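Chain IDs A, B, C and D follow the sequence of writing; residue 1 opens each chain.
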Amino acid sequence: MAAAAAAGQVDADTFRRLYPDDYLRKFVEQGLRPDGRPLAAARPTSIGLGAVSTTDASALVKVGSTTALAGVKCEVVPALPEAPDAGRLVVQVEMAPLCSATTRPGRPSEGAQVLTEQLSALLGSVVDARQLCIDAGKVAWAVYVDIYVLDADGSLHDACLLAALAALSSLRLRAVSIDESGRVQTGAAAAAAQQQQQGERPAGQQERRLALSCQPVSLTCGLYRGRLLADPTAEEEPLLEAQATATLDESGAVLGFAAGGTAAVGQIVVVQCLEAAKMRGKEVRAMLQQALEQAGLAADADAS
Amino acid sequence: MAALEQQPLLTDGHRRDGRAYEEFRNVFLKTGVISQASGSAYAEFNNTKVMVGVYGPRQSERKVGYSEQGRISVDVKLATFATRQRGMFGQTPEERELSALLATALEAATNLASFPKATADVYVLVLEAGGGELGVAATAAALALADAGIEMFDLVTACSVSRAEGALLLDPTVDEAAREEAGLTLALMPACSEVTQLVSRGPWTSSALREAMELAMGGCAQLDALARQVLKTAAAEAAARRQQEQQQLQQAQ
Amino acid sequence: MASPLISAGEVQWITAGVSFNCRNDGRQREDFRELSAQLGVIAQATGSARVQLGETDVIVGCKAEIGSPDPERPDCGRLVFGVECSPVASPAFRGRGGDELSGELARALERSFYPGPSGRAGGVDLSALSIVSGKTCWVLYVDALLLNIGGNLHDALSVAAKAALADAKIPKVEVVQGEDPTDEPDYEVDDDPQQAQRLDVARVPLCVTVSQIGAHSVVDLTAQEELCSSASVQVAVDASGAVCGLTKRRQKGVDPSVALEMVEVAQRAAAKLHAALADSLAEQQAQQMSVG
Amino acid sequence: MERTDGRSAGQIRTVRCERGLLTRADGSAQWTQGGTCCLASVTGPTQCYASSKEDAERATVDVVFRPRSGLAGALERQYEALIRRACEAVIVAALHPRALIQVVLQVVSDDGGVLACALNAACAALLDAAVPLRTLCAAVSAAHTEDEGGLLLDPTAAEEAAAAATGTFAFLPLLAGGGDSKGDELQLLSSQTRGRLTTDQLLDMIEAAKQGADRLAAFMQQSARQAAPLAQ
């Protein structure tokens, strides 16, 4: 089948569409990827904070072409009777119909639901819900993290997790005040109300950061003809024999290892994935720190 | 908050954000923003941010049946965090109506006969609703259709006009629109001077309507110049990239 | 909705007829078909009306219930619109087939009655529906049922909705506060029809759809004529002739001057439509009085 | 160290596999591991119900995971995706182009490790339906507790709840009499973990799960032989 191509009868784009596997193989044999990257390199990554002004915090993350936008909105809600001293963190991943040719409007796709489940579990362990309590048994914060995939060009887990982490890292919970009648005010009005009530029992809270127990960063790797490709694109993903997403925190602890594919992998591959994810985590965390500092939202900015 | 609501929108011939009455917000348009789409565009008018992806023309879904003409199927969604009040997943009646209005605005400009039996899916996601979403979405969607290489008779540009405190305001923000006496959104095919969509709210007299439409058409012409420039720049960049690739290829050989 | 078929010959015939200002049924371009509006067709409803516009036949009933106001407009009542596309009218409405059309029609109705985003425009004085500010108000559910589709649904629906609201008799409510001021107050609804209050619908606009057939603006299209039109503008016009709402429909664009001309046609036609409906309403209400 | 139910750390609960319980399906199996039980049915290869799912070169595998009660949510969709990929790996899908092989899993009771149990049930049901398979697959769940070396294989629901981290791992196991022996290869097919682990703990967990999976696969093979003596 590739005979015609070998004879130079089709141009590169046609070859790429007709024989995607041969196309990728020719690159990988040379130790390269179709986009010019080495096999073990992730795509260029950018983090933009505060992209959407109607949110309490937002982050736009691009990993190559893959784009994810996370928006955080906080609402004061009645505390749940089963968890009176905790608030709620609700994570939802939405694959907008415009993100790829296979997503259609309507019910959330399987991919979006799997991501929602993975990220809910992960972020649930990073954010202690007890810090979202405002007045035990009465009111608490509900923090909604909605992540929209705007361009699905592979390795969605990594981009979505990074977007959510960046948005949550830059989040400031607004000041809250509760007056005698139980009326809840937030934001500037609350801060003013607290000033007036000084000396009395401080009902409510100052503006504060959200404490994250760690900074999880993930890297997806794919196995292709015995070689490991880091951060695969949408073009590469269907050709991979196996794919693994490793999520590690800054101490090197594994917070998630999700693998699957049509071929089984050996221990060496598992170790390589974890190692690659560890390296990638360092790189990404530095990037996040820089973005936070630029926005004046870094963790240590509060002290000064 | 309450104090701000009572303050006038207009002072000394200027609006709250410092614009003149007939001035646009900062407009940013860009095509080719989604790698997976046949065509895409992003439009930002200060706080109104809209992303559009066009897929197709591709085979129509079986349930819609045969049609000699091509179809444009439009789906508009607001991100849950696009508005002050958190929205919901799933489409609201307002979004469905926006989709229908937008489809009308685009159909007139598209050569539907060029893709029989097929559908061009236009997916719109409003990332932030800062006012005038319909107009911004129509402008961006037409750019995305052009970016997808779908045959068009003309571009479509659209903008809104509000009448508030006795003045006509071009490209109103969400705060201005909330306090308007009347408003309209007009979509225009600027080169052939055809109105493809016209939606108004609130009472208009004939003369005021005419005046507002003229203002909106002037706005559309301004946007058209910008949109064409964006398309030209994108085409020039693509050509340059191709040339570069070819040179590299020749060197390699 | 699966559109009925039309042949090229029929299109040409209708288009030519329009250009001679003589349509298939003998009407001129700006003539409406015969309008009949019957009030009080549903005994249990707060107000109801059946409107026939040529072959098009719709029923609108409204039901008043005590509910809570929109938090953004605590001093106003609410109107909730719904349109049911019954399979009686077209087999295409079986299952969920009519959902898209009914959504579109309901939104169009809502927009002609409801205040715009600024809360200033709008035909009904919603503050008359308020009972206790911020707590309770009347919620009027306005539900339409399409019985037969013979073209120009929007206009027929807007006439029917206005007639039904004109027919509506909102019962008088007394708020009874218990001894403890923190208790929820009770609401006593007076069922004496003499005490009931009518809504002022004088300022409610009517919708007129003006379409382009060939190079002419035509109102009140039949189902056949609708298939020959490539562009139309729905205009809501109030009794004073002011344009209250405007939406362009259908595939083709129109020249701006033509658009304005279509609006003027709508204003002229609306004046006649308003007069016809007002006469019909006055007559029937007078009859009801004399019977009552 | 002894566990509350008397097992040792690396011991799997009593396993039972009943096949051919359902008469209307092409194949079925009920897999029980202690208090956890899943019923799997396989239909197919059959005609694809949706043209969008049809693949011109291989059979489409569709997995439906139904919880014990209530509606399926995001978690069930995640399970479905994982089981589907594992099934795709073992089924020789190229033999039935354009066809559909549907696997329906019903949780009968859940006392921990339900995903692993469901995967094993699916594999046993595929065997029962005589769908051509490359090999078998077997899955084992594991938990890591804060206690010293607290690695528990096939944890119960209580053990899972108390654990710092849990994981489910599926392997293409080494089969008795298998042709291509790759004795030292791990052959990890799919994995899913939750909670916090060091790299070494994760690798230990996978290694221990592999041991368990080999035992389960041997059992699965044996039960298949018993059910179809003619095949030998």
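The rule is short, and it goes like this: a contact is a pair of C-beta atoms (placed from the backbone, for glycine too) under 8 Å apart; a residue touches a chain by one contact, two chains touch by 3 or more.
Here the structure is a predicted model, which means the values were calculated and not measured.
Taking the definition of touch as given, a chain qualifies here only if it contacts chain A and chain C alike; those chains are B.
Comparing the CA-atom centres of all chains against that of chain C, the greatest distance is found for D.
Chain geometry summary: the mean Cα position of chain C and that of chain D are 60 Å apart. Inter-chain spacing, taken between the CA centroids of chain B and chain D, is 50 Å. With centres defined as mean CA coordinates, chain D is found 29 Å away from chain A. Taken together, the touching pairs link the chains end to end in a line with two free ends.
Which chains touch which is summed up as A-B, A-D, B-C.
Of all the residues in chain A, the ones that touch chain D in their complex are 110-111, 113-114, 116-118, 120-121, 125, 244, 249, 252-267, 270-271, 274.
Touching chain B in their complex are the following residues of chain A: 51-55, 58, 65, 67, 69, 71-73, 75, 92, 94, 96-101, 105, 108, 144, 146, 148, 150-153, 189, 234.
Put simply, chain D touches chain A in their complex at residues 73-75, 77-78, 80-82, 85-86, 88-89, 167, 171-172, 185-199, 201-203, 206-207.
Chain B makes touch with chain A in their complex at residues 1, 33-37, 40, 47, 49, 51-53, 55, 58, 75, 77, 79-84, 86, 89, 91, 121, 123-125, 127-130.
Here chain B touches chain C in the complex through residues 65, 93-94, 96-97, 100-101, 104, 107-109, 112, 164, 177-184, 188-189, 192-206, 209-210, 213, 217, going by the rule given at the top.
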